[in-house]
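Here it is, the structure in full.
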Amino acid sequence: MAFLEFFQPRAGTNPTARQLGLLVAALAVTALIPLFANDYWVRLIIFVFLNIGLASAWNIIGGYAGYPSFGHGVFFGIGAFAGAIGIVRYQLPLPVVMVLGGLLAGVVAAMFAPIFKQKGLYFALSTLALMLVFETVFQRWTFTRGLRSHDLGWTIATQITLAQFYYIFLALLGAVVATVILVVNSRIGYALQAIRKDEILAASIGIRTIKYKSLAFMISAVWPGVLGAAFAPFLAYVSVQSVFEVSITLNMILITVFGGAGTIIGPVIGGIALSIIDQIAWGSFLSYHRLIYGVLIVAIITLYPGGLVVLIQSMKTRRHARKAAVVNASERVR
Amino acid sequence: MEDVVIYGLLRGGIYALAAFGFSLVLGVIGIVNFAHGALVVFGGLATQYLAVRAGMPYLAAISGGAIATGLLAVFIQRAFIARTFQLEPLMVLVQTFGIATVITELGSMGWGTEERLLRLKTGLPPGWFIGETFVPSFDVVIFLVSLVSAVFLFLVLGKTEFGRAIRACSDNRQSAQLNGINLARTFEKTMFVSGVWAGLAGGMFVTLSPLAPYMHFSWTIDSFLVIIIGGLGSMVGALVGGLLFGVLSFGAAFYAPTIAPAITFGVLLLFLVFRPQGLLGAGPATRK
Amino acid sequence: MNKLLEVENVTMIFGGITALGGISFHLGEGEVLGLIGPNGAGKTTLFNVISGLLPPTSGEIKLSGSSIVGLRPDQICAYGAVRTFQSASLLIGMSVWDNVHVASLFRSPSRSKGESARDCTARAIAFCGLQDRVDAVAETLTTGEQKQVEIARAMASNPKVLMTDEILAGLDATDSESILQMLLGLKDQGVSLLFVEHDVRSVMRISDRVVVIAQGKKLAEGKPDEVARQPEVIEVYLGTRYAQNH
């Protein structure tokens, strides 16, 4: 499967065109779904798009750069609030608040540059601290809390139809994955991979590690901001409880790691697989939801830190080895 | 004002107790154990369970709780962390994140999600007056325990074989191995110590304030904050950091209760940016 | 001869231990300077100080006359001082091409001479004779091949000074010889070489001058034969056998 070769760019070839082509094809196919699926499924798939999009963005800083961000949901939250406040209080159109959400998230991420001088674990907890700060502020500050002074959230009315939301999120997902493809195959991508594998070596061969880590973080923050802003009218009610949930960040991490951190297809496979597991678990195991997720994270990292992608790869090589063995055996018989 | 400082210092002792182990694990093995808070809560709830359900006297209950927590920590190290740490150290952060979730969920299922408090009759006088402030006796006990712990751990780190092994591992893992130090065993013993002190902190805290599984995260964050302030790898630093943090959070809760969390996390961010080595820690070390 | 790299009175104290106690020497342009010393002498510490991984407690280090103390490793690389690493330092999971190409992509523009990154990588790989192995993933290479990739990668950064940290460690005679030839080839191209090594014989063979350090202090400096004859050096490091055979 050509898709699985995303993460092995070969000497002298540039896979960008091929990967973007595959992406467009996949988007085109997926665009047909609303034509024969009912509202329940369309709504469900929108959530899958959102999850994959968020995870892909997280993948840039957590998977490729190797700096897991534990408060990444803060950017989604900032975007959602930008969307809510922009639409309800200022009557701004959706495209404008989406840009606003992305910009705000990017600016907040840019302020993190000094923290990148330190080790990865300081970064991880700083992002967590950041999320908790914003959560508190959004909850107490009357400007952000709600339209009227006693409100605890934002209620958003919208004319956008379900089908339109479907295409909006599909397009956004396409944009995020396209960004990942472009970044990974560029100079930035090389820098990030070197930084992740051996940061000291990376610095010694001339890579300005702080600059590239900051860049990666900003890019990975902008998209959740945009997605958050788009999500605000879709969810129709934005409050700290609904958009600053820890499980949003947890999902980003789990989907990426489960599917395969540091690969393009990883978050996609992970998102689809986990949504399926989620659907199955929903009916029978609702109360064990978080437990199952926790167990999955631990299991995958302990047994297959490379995620589903590595699992599939090893099945492929085992199948080839078996085929080769069969051929050898049959030749010997002759 | 004076009472805020005094109460802050006293409560700070508990934060220090929780932070000692966190600092050791971070300084030695080099991982942020996101499940640390879960260990604190586990220790506290286990102590409460032993005291109330099994009817054990407090000292026995807290010892049992602390040791159980230590063993749990060793299990986590051996079964999970050890495997992943060699491959991708930063993935261990995510792994312990998951472990924390699992412990919390299982704890919620086993113990229920409501908060539990352990009422204690110590036989000590209710408290004393320091200046104008009334100080409950058990708070003083906790403070003394944390002081003694700091001294004890400081001596262990400096004078014992185990302490030497720990310091060798944190300076340079490869040469430590070449000098015959068994890394796996050292890591496990470190996790044990970390778990015991986390359990101790929880076991003492549950007598002051209710504990519930969902609180694990804030304990992890608080421990991290303490060692950011006090300095990584230093037991005295953890003590100082704990006391300062106690005063800070008490003060914030007292003077600006609505945005208290934002203040504490804001301070954390400031330290991370301007003085990541904390007050007493060594500078950021090179990775190789 | 111009002094390319100057180390002046560098001291490094950590945890109460004086790893380096005031070391001074210089590397001239176009020169091969060998740095030898017994285990624990402080070679690697000195290396890490020069390449910017550790700030010295005191002292000065200059590259082409400008101080490089306190600069980040990537800045030092941009100024032309490139280093190799002692133990496995290739990027795992990436091919030979990619390992070298990263360095090409981030080489200092002022020394690229208008060459594209692709060409730079190709040139470095050709120099080390690795054309057949471009697609091989780092983990599948032999130790000798890995060292070759290290040199190719260092070349891709267009160094003025190449500093090698025990690059011959773990190599057999044939592989050692190829690496030594490559280093001499680099010297022909005008790269100066700071050759930190444990294998005394190789150092004596290709070095123009040698510096001997022991216990953080410089013990001797000069041409290989001169240094080999000095009694302190013989005593601490080379052994009486070597001295007797020369």
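A, B and C label the chains in the order they appear, each numbered from 1.
Following the convention adopted for this analysis, a residue touches a chain if its C-beta (ideal position, glycine included) is under 8 Å from a C-beta of that chain, and two chains touch if they have at least 3 such contacts.
These numbers were taken from a predicted model, which means no experiment stands behind them.
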Middle chain, criterion being Cα centroid separation: A
Identity of the chain that, by mean CA position, is farthest from subunit A: C
CA centroid of subunit A to CA centroid of subunit C, Å: 42
Gap in Å, rounded to a whole number, between the CA centres of subunit C and subunit B: 45
CA centroid of subunit A to CA centroid of subunit B, Å: 32
Interface hub residues of subunit A, defined as touching at least two other chains: 200
Per-residue overlap in subunit C, given as positions that touch at least 2 other chains: 53, 85
Two or more partner chains touched - positions in subunit B: 286, 288
Touch list for subunit A against partner subunit B, complex: 66-68, 70, 114-115, 117-122, 124-126, 128-130, 132-133, 136-137, 140, 199-200, 246, 250, 253-254, 257, 261, 288, 290-291, 293-298, 301-302, 305
Of subunit B, residues touching subunit A in the complex: 26, 31-32, 79-80, 83-84, 87-88, 90-91, 93-95, 97-102, 104-106, 109, 217, 221, 224, 228, 258-259, 261-262, 265-266, 268-269, 272-273, 276, 284, 286-288
Parts of subunit C lying in touch with subunit A, wherever the complex brings them together: 51-53, 72-74, 77-78, 82-83, 85, 89, 91-98, 101-103, 105-108, 118, 134-135, 153, 157
Residue ranges of subunit A in contact with subunit C within the complex: 9-12, 187, 190-191, 193-194, 197-198, 200-209
